[in-house]
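Below are two complexes that have subunit A in common, paired first with subunit B and then with subunit C.
On to the complex of A and B.
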């Protein structure tokens, strides 16, 4: 009897309920499987298990699809399939770095602003968010890329500097709500320092927001990376789907579409899967949904 | 009601017309003007002759301004002719004094820069002023190298502060219509330099009146005047005061056998310009330019984009169009007057000169190995669809001094030999230097780099030691070249005049950066030969010297060179022209005519 009640209590928790709900969401599971496959592809490329010849000229110009070149070759004879695989690594590198740091910065500043809402700290944080949000994104990236010259992380810096504001606004709102709850007042009453209240008692309770927002930022980062690389402002070294699409501008006029199709398909499937995964996660973590 | 009827009639008439004739007929029927729409892949960054350093600027400058000499419209090989000059100059026996008489009654266009807004007569002093600007640092000149250390007193005038009130001994206007140039030593290419945009004649009033804005406000005496200019297009109107000089197509070098298809016979005996308006659209994207060209009622000229080669051409050698294109368009193919090459910067210790003779030799072996690793045919096939000529050295096929029998070893890939040379030099993956390529931003330059990296990797150069440094603009890249910041210089060079001296000077020691010798190649023997040949007129002896210098460049493994692209110019069949922009940009534009309905009927009959 007591064992059953313990299990019932465990199922009532936010996370166990989320796992339960997610496991019932078919679209969510399919999207998770796709994202997992992409992750394995990225890890394999990162570990040198495959796509090791992405930079080599291994064939002739614009060779058609064959058993040797699954997606054909590009204008200088590089294998398009290998380049598409290697680009997955780039995508995940950019996505993870940007999502992780933008979410962390957003969480930190959002929590502090929310906790001290109405104070000068909140004013400054809101002013910063307002200023950054008011700058057109691609103009901002171009300015940072120019300022940082050849720095391969110029794109990352620009994205983090832009994407954290959304996270911060959401976290700020949640923290304003949480800080008026009784357990926080109790912590105040027993003399727990404010910094401990913020980071030990409030911030962990915004984690479901951070998780969902992290996946959304991940998708935004990979889409932006492709666009920026296409524009020549993104990836400096390595390969990216954006660069492949950029390459295809020299090819589609001549009737060769393999580069364009391969990069677009890889990007489309990943973005769709991540969006579906993000939706499923949001549903699973939403306590209002049954 | 009446206006609706007019619109309906206009639509009906338009529907009956041929696609290729829509532009002209539409222009003629709505405005009564002959309008020719030209296209270029880039906008000029300035219209000031003192900075007219590229083909884009020259397209505008030589049409808005006058030059003393020009090239004959149709003669190939190119031949000089007087333009603003009355005749070819009188040259002293020692070839040091040139006396040039200019035409009388030539006027600058009307402009607020002049009193009462009326353009005044162009006189010899205007030419003197215009060239002096190239020696005045305040004007930010870029064409000085044409005349530096060539004209008596001009360099000293610059050193003394470029005071225009001070007369230069060797560079004077004897009267309003006579110019006297005294040279320090013979300069056989002098007249060629006086065809270029750099030498275009500007009125001092306008330069002073507009200040910096003069760069976007041309005030010249050329066949056209600029009425609108922005980054998308430039619009010219016929200069109504342009001198009446009927064209003699036979004097211009007309060859009926090869040029009859252009229809240029109809301009014989008539005075240019033949069109009322000239519009040049700057369309950077090949796809957009091609689309505009094939649309029928937009631009009437384009260079065939590489990506369209397989769609448009029936054969590449010789170049022939597929019937559907031959029916609509004229074409003209020619090996470019210039070449592309990649030079090692000899000032950088990674690949260049070293004080220690042993290290110096090792670097030479490294350069030679990388030259053997280079695959020119693959470069040509990938990016130029095989429409290019590959040859050793820096004398391109377009000039008479080209040597077709030169050994092709330096342009023949040999991976085994490349590895052997690396081994001989003691080069290993561990001690090879980091190789930084430079290029302007853009996917093409990135692919250039990736292709070269792949070739070098094949002979043992570690991939992680080869990096690409991209510059936001071509201007930034040029600046890096001038400042000798890059260890490897990849560039194209368009000939300023049809003489190999123009490419050989690219490796002449005193021209080292910030001059045109970006490779910073220093070879006293080469320099001595250059100096010796630079005062010689075309002759077998000079050709022999040129070729000897060319061989030095190859033997010293200074550069991956060379490749000259085949240019295919295409234009609508209602345009009467030979639109060859190879030399001095668009000097042909003043001869462009359009078929009117009368001439079309005449031709059909």
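On to the complex of A and C.
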């Protein structure tokens, strides 16, 4: 639906304008490039192209940086560079699943609540958001991890259950605004069923909010994953930057910082790029943003 | 009188929220939580002993009776004794609460105050290099994980690889000097992490207010910048600022300090609650969760009353 601005008749739509604005935003383009590189790294690790020896002992304890071990080795002689690369895959898995599902749930419930605002459906949706927002996040995750008996997806479930409320609140507000517009009234008048109005006529018009919120949720998810994995509540199988930092706390006390620095740097660059990408997206899509 | 009526009405409308939070938490943390039966039993327990322990812990009761008992405990504020240590829950919380508060308050206050000052500065120089510098720093601040900040600050300030100025971990509030030496590194970490998000939020609020017509008019009448910012802008921004500050209090009190407390080995509420979840110490969990829910309802009430105080146009209805 985007990129059609090159058509013979130049149309001025939200998307064509957004693409034009984004293509002129230098910080946005750089951040998009960095995120793309990370995505390729994650896909490659997922497809087994690189970082296949992340769990193998390939060297001695705490070996320094060399051409063989780009970031040195950790306490038991595993290659830190490979582990950091492999963790990228875990991060994208968590971020993608959580961002996609939390945004979908939020869009669905927010749209329904907004469309029926003032009715009991809205009241229940608002009550649910209020309740979930009032439970301390880390305790909620710990509780879900126990309730699901150490299921590897306990962390995902907890994050989706907490993150959808923000999306839902924003979509609800936008839907309340949209539903009083003439085109919705016209749809009502010609007898379009309510469910079609919500999902075909109103919800697609909130897509720009969903896109921006999706990127924000992605960042929140990967930042939470690191802390949860550190606390022992997050990733159970495989490797993640949080687990690397957790391993490294002992090494740091002994004066070996490679593991900590590698995981921190990978995480920082990705989150920073994603934040900037999200900002550029917001600037491109929201003409009113200051 | 009107205010009192309002408070009572507001407290009553807070009941569904209280019930929701306590119900979900009860289901997750207590009903599906870890089973303590076999930890409390000796080896080779007989069926009678098992039954007796389960009865003591209330495991043999149906779900809704256990939940009703919990609500009764919440109303009477009597949560019994901790399963793990046998200490009364009220005593446990009374001991750990002040530690968490003393740990978190300096960082919380400074994090918000400095952020407001930075946001005002950025908004005042909107579009210039000062603004871009401040906003650039806040994106960097937003992008560094809290965990990394804690570890990095600890290496730089309290270990022999850095300045080695402060104790690495632990807690001691016996004298003010001790308190300062233990609280400094956690406070710096909290401020560093909260500055990014706070500054961005406050700047957006302030810039939006700056573009209003009344500000332009005031400027046209020659109101000096300091007065303009204080009286025409900051005061009108108080509602979103109050909302953000007050609503983050319940979470800051309960779980905001969890990471710091577990990393620095500080015996506060966050640590106690986390341990209670992992060991299934139900009396402690029930008390903490109930307290959080009550704090949220109170926060709603306090924000509404403060709205009235800062903006006379708001009516309490």
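Simple rule for what comes next: the second predicted complex is superposed on the first by the 277 of 290 C-alpha atoms of A that agree within 3 Å, B and C clash if a C-alpha of one lies under 4 Å from a C-alpha of the other, contacts with A are read in each partner's own complex, and residues count from 1 in each chain.
Just so it is clear, a residue touches a chain if its C-beta (ideal position, glycine included) is under 8 Å from a C-beta of that chain, and two chains touch if they have at least 3 such contacts.
Bear in mind that the values here come from a model prediction, so they are computed numbers and not experimental data.
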Subunit B versus subunit C as contact partner of A:96, first or second or both or neither = neither
Task = Quick one: classify A:275 as touching subunit B (first), subunit C (second), both or neither.
result = second
Request  = Mind working out whether A:77 is in touch with subunit B, subunit C, both or neither, as first, second, both or neither?
outcome  = first
Ask   = Just subunit B (first), just subunit C (second), both, or neither: which does A:153 touch?
value = neither
Subunit B versus subunit C, judged by how many residues of subunit A each one touches = C
Task = Determine, under the contact definition given at the top, whether A:55 touches first (subunit B), second (subunit C), both, or neither.
result = first
Inquiry  = Under the stated touch criterion, which partner chain does A:237 make contact with: subunit B (first), subunit C (second), both, or neither?
reply    = first
Inquiry  = Just checking: does A:255 make contact with subunit B only, subunit C only, both, or neither of them? Give me first, second, both or neither.
reply    = both
Inquiry  = Just to be sure I follow: which residues of subunit A are touched by subunit B in one complex and then by subunit C in the other one?
reply    = 146, 249, 252-253, 255
Remark   = Per the touch rule above, subunit C residues touching subunit A in the complex are 16-17, 20-21, 24-25, 27-29, 32-34, 139-140, 142-148, 151-152, 155, 159, 161, 204, 207-208, 211, 250-251, 254-255, 258-259, 262, 273-274, 277-278, 280, 288-289, 292-293, 296
Query = Taking the complex as given, what residues does subunit A use to touch subunit B?
reply = 55-57, 61, 74-78, 146, 150, 232, 236-237, 243, 246-247, 249-255
Interfacial residue positions of subunit B with respect to subunit A in the complex = 286-287, 290, 305, 307-311, 378, 381-383, 441-444, 446-447, 450-451, 453-455, 457, 463, 467-470, 472
Message = For a test of understanding, state which residues of subunit A touch subunit C in their complex under the given definition.
response = 127-128, 130-132, 134-140, 142-144, 146-147, 223, 226-227, 230-231, 242, 245, 249, 252-253, 255, 257, 260, 264, 267-268, 271-272, 275-276, 279, 290
